[in-house]
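Look at the two complexes coming up: chain A is in both, with chain B in one and chain C in the other.
Moving on to the complex of A and B:
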């Protein structure tokens, strides 16, 4: 019984993906429309994309921009979120700004950003930065705010300065929440990576996707969606491994059952 | 002492060599060019076969940026983020009116030649819509409401007693999904453009209701425009660029087989698909010297003014006295 349960639990993500592909294939067969090819047709188009050197260069260019935008966003957002969580003045200054910018679709800012920064990489990385920074700031803020005051008092009593308390008490205690924000940010980085290439582009995964869309080559469009989705799954799984390793101490030592059965 | 001195001389020589190598590259001007797909064969040749253009990469460099349609390129030109770009007459004129853009039309990419392909509205073979006036009360698809094709389309409808604002339900349907929208009954009539028109015709079951050329022959679809301040400041560089566009157009028309390969590389579309229409009788027209048809553009501006899309404009403001294709 335990073996079956372990097998089901391990193969669940794969089964979910296969189930989704099966539903897609059936839906495409029923709809019979050129703009919605079956999953099999899309999968068949993947090798030709990944086997083309130019396509790989395009995809790597997108990943490079995403990595830079994500890294800069994390480096800026974590200290800002922590400071907001521990200082009412900082929070009351930045909160309204975040409230205004949070609901704005970042892709909608692209035309304006293009006018400010031109059509190069910086504009696209700024869109990624904006997309990633807000969830990271918010989670860092919540993580820092939730810390028990007693811990900070103890730190102060032991002679730690404000900066030392921030690094040695607030940062580690807020880390599980910060990493949850980073995980959300990673997915948003992938989304904004593609949308930032929608209007103007010199290279990128969006180059392949939107060109195919313009030319009505829907097998390539859906193949690119699968590739981007797979990138998302891969990045998320890698990040989750890192997160689990960094905050193992905060995880419960036993498995919590989902039901009472 | 002698050794020390020669070391310094060597270092100075190396520095001089580096500076000398930097100097020409500094002098080499970069043009920031916007482009889109499809139908810019001369630029595709320049992108994919740069060795065929002796000045490209030597006298001047091009920084290519691909855009989704001509309207964002107008904004980028107006903001100074691009020096030259593909434009439709309407988007360029909108840039002048709304964005204070000053630009010269330096070349032309494609137009509707008599007897060639003209953007048309299609209906299903069994549709009760037989003439334009039958469109009353129907759902009609257009690629962009208020876009370049809207002016002549609206004029044609009006001439046939159909008010495009009140008598039909006008919806935006991109060219790539036009055929699907029509076959699935989401629209009663829809506009068709190449290569999608060729694909739909090959499949059958649809018929042409009317085409834009009925209202206006020689419609200029896309042209090449450069910011006036950039041209005035860098006339020689722009001249070299226009010379290459002229030569690119000649190469595209002279060697269809190679053009199919070039376009396939850029569009990532299979050659058999392109072969159904590209540079054939059912394709748009291309002037062999990429020369802009200013009278046709004026006629389009007049139609846009008549339909209330633009104020009255004179095409002469877009004409540079010397820098215009064909340039040899």
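Moving on to the complex of A and C:
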């Protein structure tokens, strides 16, 4: 009984993926239009994309921009969010700024950014940076604000300076919340990466996708969607593993594989 | 030998100087006003003066909400009083410091650290080498009865266990003054008795200055040199009772001692009086 249950819960994500592909295949067979190839055709196109050197360079360039944009955003946003959470002055300075930028779709800023920085890497990384920053700042802020004051008092009584308390108490205590923000940020990094390449076509995974669309190579389009989707799932799952490891001390006692919580 | 204690000293501000030593903590006409979220001002404690000599064990008793924790926070330097000054060794308290170790009512353990990590935190911060800090911490953990739980995280502990970790964590960095806010409140009677005895032993050996908040009259009389009884909010000092019982104190002897019993009954009476005062319009 428990063995079966364990098997079912472990293979559930895989089953869900297969189910989705099956529905796709059936729908494609029923609709029979050129612009909607079946799942199988799309999957068949994947090896030729991944085997092509130019495509690979494109995809790797995307990943590189995403990695840089994400890392810089995290490195800037965590300290900023934590300081906002601990200091009313810092919070009231940055809050209006964030409130204005929050609802603006980062892709909508793309034309302006392109105008200033050109179509190169910098412009795209900046868009990714903007997309990732906000959730990370927000969650770091919430995490730092929610810390029990007496934890900081305990640290102060042991002789920790304000700076030491920030790094050695606020940061670890807020870590679960910070990592939740980073996880959202990671998915947003992928999304802004693709949109930035859609607007500033030059290189990248998004570029392959939209070029194929222009040329009517629909199996490539769908294959790229699968590749980008798989990258997203893979990154998210890897990050979730890292997160669960880092904040084991705060987790309730069960796990959902590949959860999207 | 006189069996009955003389009538407890009723004058709050002029507590007689004790033989224990020089003043460690002086609380001088301290009041604390809090601004509550309804923008109303709330007087938590009012005009409190108290001197605690070096090496004295002083307990504070009083109804819930009378400002016992607030007074402790002021001595800890976590809260600065609206009026008056608190001093430690004659110097006005500006902020927290490792000379005053708090044990909070809410434990405030570091949840990302194991039991051992929590207890080692203070000594490590003070520059004790990691091996030495670990050995000392393990000994303390054993002393508070948590041997075998060194690698548990706070979320995996019961309330009473957390309380014992909080106690060990503060004892670990050897503060000269212990500020203990109902440190045994969440413990079962048996563990409570054991830790009271342990605390007494530690105190009799190191002669730390202790400011101890409790709701238990027996506990206060058993442990203290002096018991401070506070009134209902806004907290004022109602009476200060010198506990003139011989040390070292043994629980088994003390419980049978009529002087001990008289102190307990007297102080319980004072606390009852306090609530009667409150019932009068």
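Note that the second predicted complex is superposed on the first by the 251 of 261 C-alpha atoms of A that agree within 3 Å, B and C clash if a C-alpha of one lies under 4 Å from a C-alpha of the other, contacts with A are read in each partner's own complex, and residues count from 1 in each chain.
In this text, a residue touches a chain if its C-beta (ideal position, glycine included) is under 8 Å from a C-beta of that chain, and two chains touch if they have at least 3 such contacts.
In this text, all values refer to a predicted model and were calculated from it rather than measured experimentally.
Bringing the complexes onto one copy of chain A puts chain B beside chain C with no clash.
After overlaying the two complexes on the shared chain, residue contacts for A:111 are found with chain B alone; chain C is out of touch. In the superposition on chain A, no contact is made by A:161 with either chain B or chain C.
Across the overlaid complexes, the C-alpha centre of chain A sees chain B and chain C at an angle of 150°, to the nearest 10.
In the superposition on chain A, contact of A:95 is made with neither chain B nor chain C.
Of the two partner chains, neither chain B nor chain C is touched by A:9. Of the two partner chains placed by superposition, only chain C is touched by A:169; chain B is not. Residue contacts after overlaying the shared chain place A:250 against chain C, while chain B stays out of touching range. In the superposed model, A:202 lies in contact with chain B only, and not with chain C. Taking all C-alpha atoms of chain B against all those of chain C in the superposed arrangement, the shortest distance found is 49 Å.
Chain A makes touch with chain B in their complex at residues 33-35, 111, 114-115, 118-119, 198-202, 207-208, 210-217, 220. Residues 73, 76-78, 95-98, 100-102, 104, 106, 108-113, 121-122, 125-126, 153-155, 169-170, 173, 175 of chain C are the ones that touch chain A when the two sit in their complex. Across the complex, chain A is touched by residues 32, 34, 37-38, 63-68, 72, 75-76, 79, 81-82, 175-177, 179-180, 183-184, 195-196, 199, 267-269 of chain B. Against chain C, the residues of chain A that register as touching in their complex are 148, 150-151, 153-154, 156-160, 169, 172-173, 175, 247-250.
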